[in-house]
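Look for chain A in each of the two complexes below; its partner is chain B in the first and chain C in the second.
Let's turn to the complex of A and B:
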């Protein structure tokens, strides 16, 4: 009994003594065998990404519900598709929708599913701000941030893989892993957030994507400045899962300067946005 | 009463023979079954590598370095062993064969926060041993008549199972620690039937049945240290602790002069004091990774001596293993290894009786793996052989030479998802 207590103590000690440890096989890349080199992405992987994203999208819709406003949804889709035309992932078909919540946030699910909340749209003043938010979310999809983090890829269909699954019971494992990965993706969206470098990549990407689509990339800066003042329940998830606004605004400004973008020459489409907002109930 | 003592007592009654030193799942060796798919191909030289689910068994600290998000591995193996005891009865030898087909390992590793968790199932020892022999007479006996024939039927099933969780984490960039806490279960059932037909028409018959169950736990504490790039040193420390042990035995004996069986021992449970004592196990291993295609590893495993008057004293043992892995390309890998499996019994003393056999074993192993994106399949096998001495006849000081040879084939898969 005493020995068992010591072992339990050791287990607990290990779990609390290592919170700052950086666990990674990447620290010792020489351990990686040649068989573990990452393979090229296949069309089956894209299909799996879309299947995964659809599951995450379903959970998002289940949580908030769809904002039933066809004209507004159509407008958001038009803005989104104009940005998607410049996406570096032509294999994906993007879908855009408005979530029926006063929370201020936007979400990207792998495979091309982008959601923006009604609360976020309420805080916007022109179309370039909407484009900036959508472009940021598109950056997460284009950068495959969730796909890489959760290692989403197709199940193999080869005979060897089938035999391996037969021996090891892998089919059930894969199904469970899929479900767990969706749970983790939801965790990323609502609790832990993306990795800091992923957020930076998405912010930087939004600058170029907005600019090439003809939108003023400073729209995202204006939006950030406005919602940074909005404290409370409506920004609780957003604040918890994203880096500080000050740092992001500086990064966006630096990116615009570095790319020598003349924001004055690009459009905000303030009037068109205001017209679309009239459809809100 | 332990089986060893029981057999010895029965040997006083029998004129011909009663076996002693019954090898129950080969308790005289510690390295009976190699565990893990990659590890088995490398002769079990895996303590310094341990960066896949097999590490849960060898050195849980190594699972910190598993690549891939979730990993599972399972191994199904077929074992075949043959022992030949020479000159046991009138120049005749005894032959015992053992086979076993079993899933001998399953392990899964999964990251959780900054730690890695694992769960594994391992069968480090399993045997299904049979001896079915009839020796034709005339054979000398002390029953007043030579024997026309002597028949022995021996069956022994013994399985050891380990199952339990693991946790591991990185302490510094070059040091990780891990702990596996296995539940231990061993069940052993031995049936011995002997029949002596005498030339004068009388016969003597004996039947013995022993069942033993042990329950305990086996903590495995591991460390993995990286003193230099491409080199890792692993150390793990383990021991089996028994918290419950029970024995049931029964015997029927018909004396040559008796009309009916005259000595029936009802089933009895063994007293708690019969808990088997196991040695401390210290594994030290090194893994050298000169390139992404080549890996060389070596292990030294030391088991302390055990003083156990009930189940037999055990001497300290040092087993060695060397293994290598070479990738022909991204899809195919070959592995090979050599290993020792030294007996934990003392040298046999020609002045004593009822001593355990001593056979030092040496083995080679190899395997070939095919890798695809998420999975790998491995086909492999090993050969083990050795020779030594045994005292197979109860109550006799005679010592027999014994040869042992075995082979094993396994098919395993690992799966990353």
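Let's turn to the complex of A and C:
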């Protein structure tokens, strides 16, 4: 009996000292993400990620073409780099560009490549909306969503290692494996979409990313509300690959409340956005 | 094995678990962003205790939603979890240089390589045409994107709310 009491005392002590140790994983989503994170990336893994991302980025540019408008490109880069200063992946150099299409969407390729369509920008009304979309895409890169899904790393078994062989010669099978991995990444962007939990993580990340950079995170909500009404071919891919807007809007509002963000105290930069839009052709 | 020994082993195991869990609870995090504000409470409305710069080590003592509770100069503080990581910040990885001999060789090879990969995957002629059209590769555009830079001075001015 005495021994049993000692055991019970120790168990109680553990639960008091370490409440998280006895909580279910569902109670601690943030913790879940950390524990689910892959082992620490090596410098070679990062290089492989960038090389893989370049291939995806080249395909995105091949599909839509670059929107050649220097003032707008500069503006999008200024907004993007303002957010990148608060990224948790300082090892990446982020690149931002506008795709020449009326389709409404934005894309992220591993390694730091972020694209936003001209059609999406046309639907925006202030800078915080643009920041929200960019921050969401940055969330996919920072969360390593494609990297984890396709197991992109520098080790021999990885599909992405095929690029090294592709460049340096290598076998046909390695080239096919690499090419197939890029195909899968494109399928994710255009057909199947990211995993639902990855989209949720990117939306939640967008709220915090915008807030720490000084942008009103409700900008993304306003943008969603506006484009949810724009049904048709321009949003076909976006609708097919993302969760419903109403669910995302609720999640964003909850995230803003949970983080106690005073959106009124943060910036929308409506005038600066309007000034930048004058440069559009 | 007698009952006493089992009991002693159980107690030792629990104590070891307790120590290990306690140690893991105080994980070290590193600031990854240029700077990270440390708030007095898990809220953007809370007062700011200070700003930790990139690479600063922070000992976590808990968490609250999207916030990490840290020990900051003897006080409890909160930092946005998206700004920190358990690993020290890595050095910036530069892009593959367009003038790199290996890279150029790779680009030259890639068109034929891609076609052969598509054929080897058993794609029909229509699929191959789709790949060469919809999924064509634009490396010139990519190079333009990668070469685009803005100066630190311009970015700083912009972040401070200045005009474009």
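Everything that follows uses one rule, which is that the second predicted complex is superposed on the first by the 222 of 281 C-alpha atoms of A that agree within 3 Å, B and C clash if a C-alpha of one lies under 4 Å from a C-alpha of the other, contacts with A are read in each partner's own complex, and residues count from 1 in each chain.
The definition used in the following text is that a contact is a pair of C-beta atoms (placed from the backbone, for glycine too) under 8 Å apart; a residue touches a chain by one contact, two chains touch by 3 or more.
Note that the structure is a prediction, hence the values are computed from the model and not measured.
J.: First (chain B), second (chain C), both or neither: which does A:88 touch?
T.: Second partner only.
J.: Which partner chains sit in contact with A:151 here, chain B, chain C, both or neither? Use first/second/both/neither.
T.: A:151: touches chain B, not chain C.
J.: Just to be sure I read the superposition right, which of the two partners does A:257 touch: chain B = first, chain C = second, or both, or neither?
T.: A:257 contacts neither chain B nor chain C.
J.: Check the contacts made with chain A and report whether chain B or chain C touches more of its residues.
T.: After superposing on chain A, more of chain A is contacted by C.
J.: Residue overlap on chain A between the chain B contact set and the chain C contact set?
T.: Residues common to the chain A contacts of chain C and of chain B are 3, 7, 10-11, 14, 17-18, 20-21, 28, 30-31, 34, 163, 166-168, listed in rising order.
J.: Which part of chain A faces chain B closely enough to touch in the complex?
T.: Touch list, chain A to chain B: 3-4, 7, 10-11, 14-15, 17-25, 27-28, 30-37, 39, 150-151, 153, 155-156, 158, 160-161, 163-170, 173-174, 177.
J.: So in the complex, the part of chain B that touches chain A is made up of which residues?
T.: Those in contact with chain A are residues 51, 64-70, 72-74, 76, 106, 108, 111, 113-116, 167-173, 177-179, 181, 217, 219, 221, 226, 229-230, 232, 241, 289, 292-293, 295, 325, 327, 329-331, 333, 369-377, 411-417.
J.: Would you mind writing out the residues of chain A in touch with chain C in their complex?
T.: Going through chain A, the ones touching chain C are 3, 6-7, 10-11, 13-14, 17-18, 20-21, 28, 30-31, 34, 40-41, 43, 46-47, 50-51, 54-55, 57-59, 61-63, 65-66, 71, 73-75, 77-78, 81-82, 85-93, 95-97, 113, 142, 163, 166-168, 172, 175-176, 179-180, 186, 204-205, 207-209, 211-214, 255, 258-262, 265, 267, 269, 272, 275-276.
J.: Which bits of chain C are touching chain A when the two form their complex?
T.: So the residues of chain C touching chain A come out as 7, 10-11, 14-15, 17-18, 21-22, 25, 32-34, 36-37, 42-46, 54, 63, 65-67, 80-87, 89-96, 102-103, 105-106, 109-110, 113-114, 116-118, 120-121, 134-139, 141-142, 144-146, 148, 150, 154-155, 158-159, 161, 163-164.
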